Structure formats: C-alpha cells, structure tokens
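Here chain A shows up in two complexes: once beside chain B, once beside chain C.
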Partner chain A sequence: MTALALRRDGPGTVGVVPGPRRRVLGLVVALVALAVLLVLSVMIGSTAIAPSVVWDALVHSSAGIDQFAIRDYRLPRTIVGLAVGVALGLSGALILALTRNPLADPGILGVHAGASFAVTVAVGLLGVSDVHGYLWFAFAGALIVTLMVLAIGSTRQGSSPVVMVLAGVCVGAVLGGAREALQQTNPAAFDAMRSWNAGSTAGRSLDVVWPVLPFFAVALVLAVAVSGSLNAMALGDEMAVAQGVALARTRVLAIVAITLLAGGATAIAGPIAFVGLMVPHVARWIVGPHQRWIFAYSAVLGPVLLLTSDILGRLVIRPGEIPVGVVTAFVGAPVLIVLARRKKASGL
Partner chain B sequence: MSTGVSSRSARARPAPGERVDSGRRVLTVRWWRVAVRLDLRSVVVCLVLALVIACTAVLALMTGSYLLSPGQVVSALAGGQTGLVNDIVVGWRLPRVTAALVFGAALGVSGAIFQSMLRNPLADPAVIGFSEGSYTGALVVILVANGTYLQLVGGALLGGMATAVAVYLFAFRRGVQGFRLIIIGIGVSTLLASLNTWLILKADLKQAMAAAAWGTGSLNGVSWNQVTIGGACVLVLLLLAGMSSRPMRQMELGDDAAAALGVRVTSVRLGLVVVGVALTATVTAASGPIAFISLVAPQIARRLARTAGITLAPAAVVGALLCLSADYIAQHVAPTPLPVGIITVVLGGGYLGWLLFTEARRRL
Partner chain C sequence: MTPLRRRGAALAAALLSTALVLTACGGAGTEDPAGASAETRTVQAGNGAVKVPVAPQRVATLGNTTLPFIDLGGKPVGVTAESDSDVALLSPDEQSRYKSATILAPSADQVDMEKLAGLKPDLILVQIPEPEFESIKAQLTVIAPTVFFGLDTEWKALADGVAQAGNITGALSEQKAAFEQRRAAVQAKYRGIIDRTSFVDVIRYSSSDPGTFAIADIGCSEIARDEVGMKFPKAAEGADPLAWTALPFEQIGELSKYDVITYPVDAAGRPTEPFKPVVETNTWKALPEVSSGHALGVFCPGNNSYGSVIRYLESLDRALATLPATG
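Entry: the complex of A and B
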C-alpha cells in the first residue's frame, strides 16, 4: 500500500551497517566507559576524596566523615543513576521503535508528567509517603498518559510525529497544572515534591531503588521478547503481519514495558527529559536498524549519559551542583533542535 | 471589483480600490478624514461579549469574603460610595478585575498575532517557549537583582525576546515552517522550564515560594501600581497591533502576495514579533505566565465571528473574558483559592487536545 512507500527506515540510519564484531566491540567499549563513570561518580563530589579513602569506605566499614559521605550518599546516588539511566535509555528505544517517531521521548510525550501527577495525588491527597505505596501510582499515571498520547497521536495514516509531540505537550501541561493545583492547596505535598520535581539523583536512598528493580527486570524481559517483532514492524505493519508478527500483542507488551521503565524511573528520580530521546538515536547511529542491538546499546548508553550529566552537574558550579535533569535538558534540547531541523524528521 | 460598499470606502486612507466584496455585511465608521470598515458580525460579537464581560466583572466585584449587592458595586464604581464598600470595590477588587481584563486582552492579541503570522492554530507564545523565556528573565531579576517592577518588566521582555530570536533562528532553514518552529520551541521551552525549576530550587525558601506561586500565573496581590504601568504598556502595544492588523491580514495570503500589495513583509513581521512578545512579556512580568489564553482566544474568536483569518479585536475581547472568568473560577469556585494560571492550563490544555483531534489531524 501507499503507506509502505512512505515509511522511512528511520532516522540515523547510515549506509554502512557495522558487522557483528564491531557491534560487540562497541558494546564492550561502552561498558568500559560505564564502569569508569561509575567509579568517577563515587569519587567526584563537592569535595574530592582520595581513591584510597573511597576504597576503604567501600571495603571496610570504617567510620569517618568521608567514608560516611561515600557509603550513604555517593554510592546510592551512583546506583540510582545507573538504574534510572538504564530504564530511561531502554524506554526511549522502545518508544522510538513502537511509534517510529524520531521525536519520541518519555519526557516530551508527557509520560513523566503522568507519573509525577499520580505520585503527587498519592502523596498529597492519600497521604502515601513511601515509594512502595506510590510506585503503583507512578505506573498507573505513566500507563494512562502513554495510552492517551498514542490515541491522540495516531491518525488514520499512521502516527504523525508532530501531533504526537503536541499531544504529549498538551497532556503534560494539563496534568502539570492539576499537579500545581494540588500542591498549592496542600503545602505538605509542595514541600515533599519540590526537589523531586527537578529530576535529580541526589539524596535518593537505595530504599527507593530496590522495590522498582523487579519491575525493571520484567520490562527488560518484555523488551527482549518484543524486539524481534518490533524489528519486523519497522518495515511497516503490513510487512510485519506478513512475517507472522502479532501486532496487537507486540504493542501491548511494548507499552507495558515502556510504562514500567518510564514510570519506575520517574518514581525514583523525578522527571528527567531527553535521555530517552538522545540515547536510542546514538545507538541507532552506531549499530543501524537492529532492534536488539539498539536496545542493548541504549541500556548501556542511557546510564553513560545520565552519569556523565550528573558528574558534570556536580563539577560545573562547585561546591554547589546542578540537578541532573537540568543538565540533560541542556544537552538534549540542542539534539531535539538538530532532529527537528533535519529534513527526514517527516516533513517538519 | 467596485461594489457600492467598497467604492464608498475609497476615501479610506491607506489603499483604496483592491477590496473584494466578501459578501459579508460591513459597517463603515467615519471620523474626521479616517474611515474604518468593520465587519458587522465581528462588531456584534464584540458588543455581546462586552455585555457578558460587564456582568462577569460586576459578579467578580461582588464576590469575596465580604459579599456586596450589584447595586453597591455599581454605585461604588460611579463614585457614590464611601468608606468600606468603596475600599473593597475600588481599592481591593477593581485592580484585580482590571488586570484580568487588560492582561487577558493582551494575551488574546499576542496569540492572534503569532497564529496569523505562522498560519498555524497551534502557534502560541506558551507552546513556543516565549513565555518560559520571559519567566526566566523575570526570575533572574527576582532572584539575582531583587529588582523593582519596571526591572521585572525589562527582564521578562529581554528573556522573551531572546527566546523568540533563538527559536526563530534555530527554526530558520530556507524560511520558517510552522511545525518546525513549534517543535523547536517545545525543545527550548523544556530547557528553560528545567532551568527555571533549578533557579527556584537554588533560591532561599521565601523567595522560592514567592517565585513559584508567581510562576503558575497569579493575579493575587496585583495593585493599582502594577495595573497602571502594565495597562499603559499593554495599551500602547495594542494600538501598535491595531495599526499593523491590515498588513498582518494581507500577509496571511502569503509573503509574495502581501509584497505585491505593497506590504514591507520583513519589517512588518519583525514589528509584529516585537509587539507579540512584548505583550506576553508585560503580562508575564505582572502576573507570571498565564498559559493557553493566547492559544485559545483567537480560535474561539474566529469561530464566533466566523472570519476566515485571525482578527485582533474579537481575540482581545475573548481573551479578556476568558482571563476574567478563569480568575473568578480560581478564586471563588475552586475549593481553595488558586492561581488563575492553573485554571487556564487545565482548560486550555483540554482545548488543545480537542484541537489536535480535529484540526491538526485533518491538516497533517
């Protein structure tokens, strides 16, 4: 059909697709970079702490202000960054594959706003205070918004990137307004949500991470399970059906995975935009149009980007720091601008 | 070309003769040597809306912790009341009502200018990020310089202008297309929004609370001082907008057609951007960003007046009514008093969703 002819292979696809060896090599390099960043994230902060002290803090349970800072502050923060980065990168890759929308990002599409509104309802109206309680709200909010944006954003000719982004902006704006209203009528909620809203990994304890991890694991399994079908769907729905792909099932599973990842990440760190936008584009640029590889790279490059931004945020205005959500916005907005300027971004 | 109606307007100053009879009833108002042709339906719509606005305004002046009767309000406005009633109506409630009307009109016109210029019903200073930029400018003035109201206006104006220029330049690629501009605006707006969140986080709690409350767009604590300064700015800008409404309508036909009609396209567009951003910035400085009125008002006005393009006067009147009623809802209908911006965000966002469902889908 005509729709087939209109489908592009997707942005970022370059003529030369690297062979398996280079893909594996690239992934190893990315993993090494991630490992280095994890170490740096523990070492760098408002005060520089000698590597020997860091080692001492991690291995022995010795007392001392520096050891305390590392064990109770920087280590949890690094783990939070790792978990949230993986989740955001992977959810971005899933959304990109599902919507074939080069501008797709859980933040821009309003998924964060949905999760954050639901969490505010839980905290402000229902008096829920721990992450076990409001995690379900974050998931529900993320799911509802994902469905709404997909519903508004898909037209008869398939989905339009612009309409989808606008749908996300408008749903996000409405929920943001409602959230503000709740916070203004409820000072306790305002206080509780103030720092969370900036999108930060600072000051999150590991108690916030553990309950979310099982859901991330489920989402990871789902992502692997649907990656083949999504690969086939990249060529168009008709082609995918011809290859025996169950479209509805793939979509449902992908949406569940996106919801678990984006909702969980928002519950932990608050809204962090643009990571889900940038990472899959870079991954795609490196490995070409292979969903499994894109997912693998995104899951590694997500925390690479997040930890880099977080470390930068700590270094730029020392001894103060910029929340990671602000840093990723500063890195990500130019990327969005470049994407929107490209001709391929569907006739923008 | 020359029907009876249009030949009568041949004495109208700028350019005679090229009018086409659209089949719509036209009202010609002559004053000294200037003749203004007004669309009859638009005039009627504006008059009816003005009546509704007057009733809403009286209602708003009546309501509060101290209830007044319509008679008391009207006589206080006419100057026939002294003491407490006069204080309440003229001293406390009237500045707020006036601010809602003036700022609403300003937002409506600002939106009309951008939607006409970009030929896109979704073009809105809030969506494109100009108001976020004004907010950044104003925040910097509040948090860094702790400035006066005039400095605040200056900061908001500068921030809005800088954002406008940046978005325009980023979107420029052999001309500016509406949708590219909107997407880039959304990107810049997201960036500025997170910058603003951080600026508020960094500030000490008292400043942060004030800035956050202001950031949602509130008419709380608007005083006569702000209303007069802001109102004067808005009035001048509205006059400028009114003067450029003719070339603006002509540019809706396309740049080439407008140039053929003798419009200096580049300078008119520059002027319109300046006026449009300045209108948003003035409102932002006084009340914080009141979202979505600039998006919604021109569209409602267009539907009410059944005009083909965007018209300024009905957009101004609808904007004023929307802002006034949203503020009334925010103050008196909501369970606790809220900033007006929250009401407009929720209502306007819903409308934007509807717009996406209908118009944008068909066009894409």
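Entry: the complex of A and C
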C-alpha cells in the first residue's frame, strides 16, 4: 500500500500528499500519455495518411509526397510542440513558486509583452517578414523586458514578488499600448503578425527550435538548482533565511530560468496563454507542494496539454486549422474551472 | 461652464460647422475650382443616380477605383494608398500619375476628409465595402459628387462605370477591343487543352500564416475560368471563396489530382515573394505536375481593369505555350 501523508494545501485546507511511489507512478502515466500524444501528433493531420506510410517516412528516406508531409511538417511540428510545451509548463511552475500568486503565469512578468513589442517593431519598422526573422527579436524583447521588470520590482528590502508582479502588469500594459499604436499606423504589420500573435506551432521548421534549445537546457539546470530553495521559500521568507536560503540569488536565478523558458517558447510559437497558468496548478494538485515534483510533472503535462490542443486544432475545421494558442484557451479555461471547483484553489 | 459661456460655445461651434460646410460646398462646384463645366449629367451607380460634371477635371479615387482610373489614362488628384507591390507593377507613366496624387489615407476607411476637401475635387469615385461607404457617405457627398461601386460590381462593369463617370471612355473602347482580341486568340490557340485539362490556381498572400497556402478561385484565375473557359475549381454557391481558406502545406500533395497547376510569378517570371516558401518545399518538388512541366508560373498584375487583365492573358498565353505536347 502506498504511503500517504497529510499536507497543508493552504490556510485552513488540509489535503493528502501521495507518497513517492504514487508520484513516480503518476509521472510514468503522464509520460506514457505524452508518448501516445507524440505518436498521434505525427499520425494525425489535415491529410489522411496511412500508418504504414508514416512508419515508412520515419524509418526510410523515401521520397513520396506523403513521406515528405510527415518528415517536413508533422514531425517538426510535433517536436516544436514538445519543446514549447515543456518550456511553458516548467516556466509556469517556476513563476508560481516564485510569486506565490495563483494567477501568475509567464506573461505576467512581461515576457509576452516584451516579445510581442519587439516583434511588432521588427515587422513594422524593420520589415522582418517571417517567423525565422522574429525569433531573436522576440527572445531579446522577452529578456530585456523581464530584466526591466526585475529591476523595477527590486525594492530596498530586496526583490518583492508582489511589486515584481505589479511591475510586470504595468510594463505589459505600457508595451501593449505602444504595440497597438504601432500596428494601427501600419496595418500590414498587423497582418503579418496575426498568426504569431495567436500562438501557433504550424509552419515552424526545426530551424527555429535548435537555436533555442541551449537556452532551455540552461534554464532546466537553473530550475533544478533553485527548486530546493523555492521549497523553503514557500514556507515564508523568514523561514527560508533561517534555513540558509539566499533569497535574492534564488529569485534572480528563477527569473532568469523563467525568461529563458517562456521567452524562448514565445519566440518560437508566439504568446500561448494558459499552459503556464494551468499546468503547475494541476501538477500541484497531483503531487502536493514539493517543487521538484511540481517541476517534473509540469514539464510533462505542459506538452501533454499543448499537443492535445494542437491535434484538436487540426481536426475541428478540416482542411483548415485553428492555432494552438486559441485551442489552449478553449480547452484550458473550462478544465481549469472544473478542476478548481473540485479541488479548490491551490494554496500557495 | 456658465449658461452664457455654454451658449457662446454652441454659437461658435455652429459657426464653425457652417463655415466647414460652405468651404466643402465651394469645393463641390459652386466656385468651379478647376474651371470645369458647370453642366452636369447623370450616371447610375451603387448609390443611385448621381449628377456629375460633364467633364470632371479633379477626380479623387478611393479604394479599388484608383488603379482602374489610372489604367484608363486618368490622373487623380487624390487617392487612397496602393501597396508598394501593386504600384511597382504599373508602367512608368502610370506610376508618375499615381505619385502626383495626394495620398488621402493608408486605407479607404481612414480617409482624411479635411485633406480631401482641400483638394477641391469635382468628382469622387469609391469602391469599398458598403458599410464603410455608408459611414462616410454624408461627408463625401458634401465635398463633391460621389459615385460609389459595391464590391460585388463585376470588373467590366467597374471599368465602364469609372470611365463613364470620369469621362475617359475613349481609352476604354480601345482596351475592350484589345481584350476581346487577346481572349479570342487564347481560346482558339489552346482550345484542345482548355477542353480536356483540369487546372488549379494556387496562391499565398503576404499576410498568409506560416506553412499555409490557398487555392485561388478569385483574382486572375476567375478571368481564366469565366472569360477563357478554363476549368478551375470554384467554391460552392453561397460559400466563402476557396481563396479564403488557409490550407496547411501538407495538403500541397492534394494538388496532384489536377492536370495543371498555375502559381503566381512576378513580371520577370520568378515566384512571387509570398509564394516562394511553397516552391521551396519538398512536397511541391515531388508533385508529378512540377517534375513533368505541368506547373505554370503566371503573372497576374490585377483583375479589375482591362489593361491588367490583358497583361494577365498575355502571360497565360506564354505559360500555356510551354505545356508539353502530350499535356
């Protein structure tokens, strides 16, 4: 029988924390689900292609039209979905742990606003016209704005999560207005950005993933490194300090990891909402407040949600498609509401 | 604000409005700014019977009327902006006439009425969506007689209407004759191919989502279908045009069910910039039509005036001539 332990879910809320075996079992189930979705993502598309042809495309270098469709579109799209999903899920978990705000997601630190503003400038003023050109602008915009938010959110007493979130919301609002103004003066820029703004994995080749992967790897290492400190900080800053946690260093490293993950994901696929908000809540409901487990589950459940949404988007209005960012909102919002009503809001 | 001040403000506003209306009316013809004849004639348009000068001298063109007006030899005094790519397709003389006009707005729904009134036009030609026209109709008609064409106006009727209202029918007759001659020549030369071949026209717009293309059933392939009789796919009656449906690149393979594919190229015969990503895909290269010479690049400089349609037919003629004999 698996060991169970009492946990505090928040003020006045007591829940049951699954033991290590159940956590591992749950993670294995989530990994299996992810593996199935990876296969389905390659199998399913707007064109019906037989499983034998899919297999042939993956294991042989045959040059048929359908084989190209698998190798050139579905496989890269699946890998993009995997990478973006992991990054968004993990960055959401980090930001939830850092801010202890149940409504926080990567966008709240100005990541989306910074990336979108930079892409608008690139398209509207510099004439950049495709997603490969956006990539570095989006990444740089996300990095710069998040560093700005970090600087603004630093008070004399150190970095305050509340001030940081407020700074993120304010900077996001200012940049959102500036972006809107730029787009109004240049409607062509708005057209060119429409798909990226909706959040989509369609049409992204692996060329846009490879350059970002090293940043994801660095962020992953940072996330693992700060997970213990974030655990201690969940009990309150004073308790964390008493346990020897360097608060400022932990927050800076966590912000750097969040920015690399969310900035990279946004650069690749555009601002995809809800994955970073929903996934860590679900992970926390499953595994309790232990950050390493939340991070591990979020890194698996992020691509599960993203790939599921992407597959649905390909099927609903065939032969056309709905961008994955639209589907994550449609799927994620009601599911989160249902789960929140059943589980109550996450105590943080 | 005191009652006295309020009344003063109201009086000032009324005087200002009256002055603006009088200024606009003056531009409409009472002062005859360009020395045009005070005589009028009536033309039928989408907004009913409109009295226009017999020989308008200062014509402003909004929306889709600019390029047809210039194509007929007109020299507008004010225009809504055309895209750089469309302007680049005009002849040097046409470009000169376009560039000599005052740009009134980046698009028709943002027309600067003050700037338009300042040009003192004696005729305004408009083709924009009807709801947009309704929202600015009163302002336009105060400035000058306004001839409106709905978006459903067929291109030949638009050319007729623009020529008649602008009193430039001489060029129109010549263009009509040249079009008929070219159309008949293509039909006669390729009768066999036209009768037994299924075509599909593919396209990408500069605003297309990454990794998507569309099947064009509007634009130049509409000319090939309706005027030349070539078999191109068309959306069902009442449905949105096929050209509005963005298809993922993996559907490029579906094009292999047609005999011949046409795709957009520039005047030099190179794939247009937005379409380049399609021809660079492995799926496109693997299509039997591509490897067998049955994928034809066709130049489409526009489909709403005779001059541009004639250039399209010339390009179509050259493209069809390259089809393999067994095609």
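Everything below uses one rule, namely that the second predicted complex is superposed on the first by the 253 of 348 C-alpha atoms of A that agree within 3 Å, B and C clash if a C-alpha of one lies under 4 Å from a C-alpha of the other, contacts with A are read in each partner's own complex, and residues count from 1 in each chain.
In this text, contacts are C-beta pairs under 8 Å (C-beta built on N, C-alpha and C of every residue); 3 or more make two chains touch, one makes a residue touch a chain.
Since we're looking at a predicted model, the values are computed, not measured.
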Query: A:Ala167 contacts which: chain B (first), chain C (second), both, neither?
result: first
- request: Mind working out whether A:Arg341 is in touch with chain B, chain C, both or neither, as first, second, both or neither?
  value: first
Field: Of chain B and chain C, the chain that contacts the larger number of chain A residues
entry: B
Query: Between chain B (first) and chain C (second), which, if any, makes contact with A:Gly64: first, second, both or neither?
result: second
Message: Quick check on the superposed pair: does A:Glu321 touch chain B, chain C, both, or neither? Answer first, second, both or neither.
response: second
Message: Quick check on the superposed pair: does A:Gly141 touch chain B, chain C, both, or neither? Answer first, second, both or neither.
response: neither
- request: Return first, second, both or neither, reflecting whether A:Gly107 touches chain B, chain C, both chains, or no partner chain.
  value: first
- request: May I ask you to decide whether A:Gly302 touches chain B, chain C, both, or neither, giving the answer as first, second, both or neither?
  value: neither
Message: For A:Thr47, using the defined touch cut-off, is the partner it touches chain B, chain C, both, or neither? Pick first, second, both or neither.
response: second
Message: Need the overlap of the two footprints on chain A, from chain B and from chain C, as residue ranges.
response: 185, 194-195, 320, 323
Message: Going by the contact rule set out above, which residues of chain A touch chain B in the complex?
response: 103, 107-108, 152, 155, 160, 162-163, 165-167, 169-171, 173-174, 176-178, 180-181, 184-185, 190, 194-195, 197-199, 273-274, 320, 322-323, 325-326, 329-330, 332-333, 336-337, 340-341, 345, 348
Field: Residues on chain C engaged by chain A in the complex (per definition of touch)
entry: 83, 106-107, 206-207, 209-212, 245-254, 256, 281-283, 286-287
Task: Write out the stretch or stretches of chain B touching chain A in their complex.
output: 122, 127, 170-171, 173, 177, 179-180, 182-184, 186-188, 190-191, 193-195, 197-198, 201-202, 208, 212-213, 216, 291-292, 334-336, 338-339, 341-343, 345-346, 348-350, 352-353, 356-357, 360-361, 364
- prompt: Taking the complex as given, what residues does chain A use to touch chain C?
  reply: 45-47, 63-66, 68-69, 71-74, 129-131, 185-188, 191-192, 194-195, 200, 202-204, 314, 319-321, 323
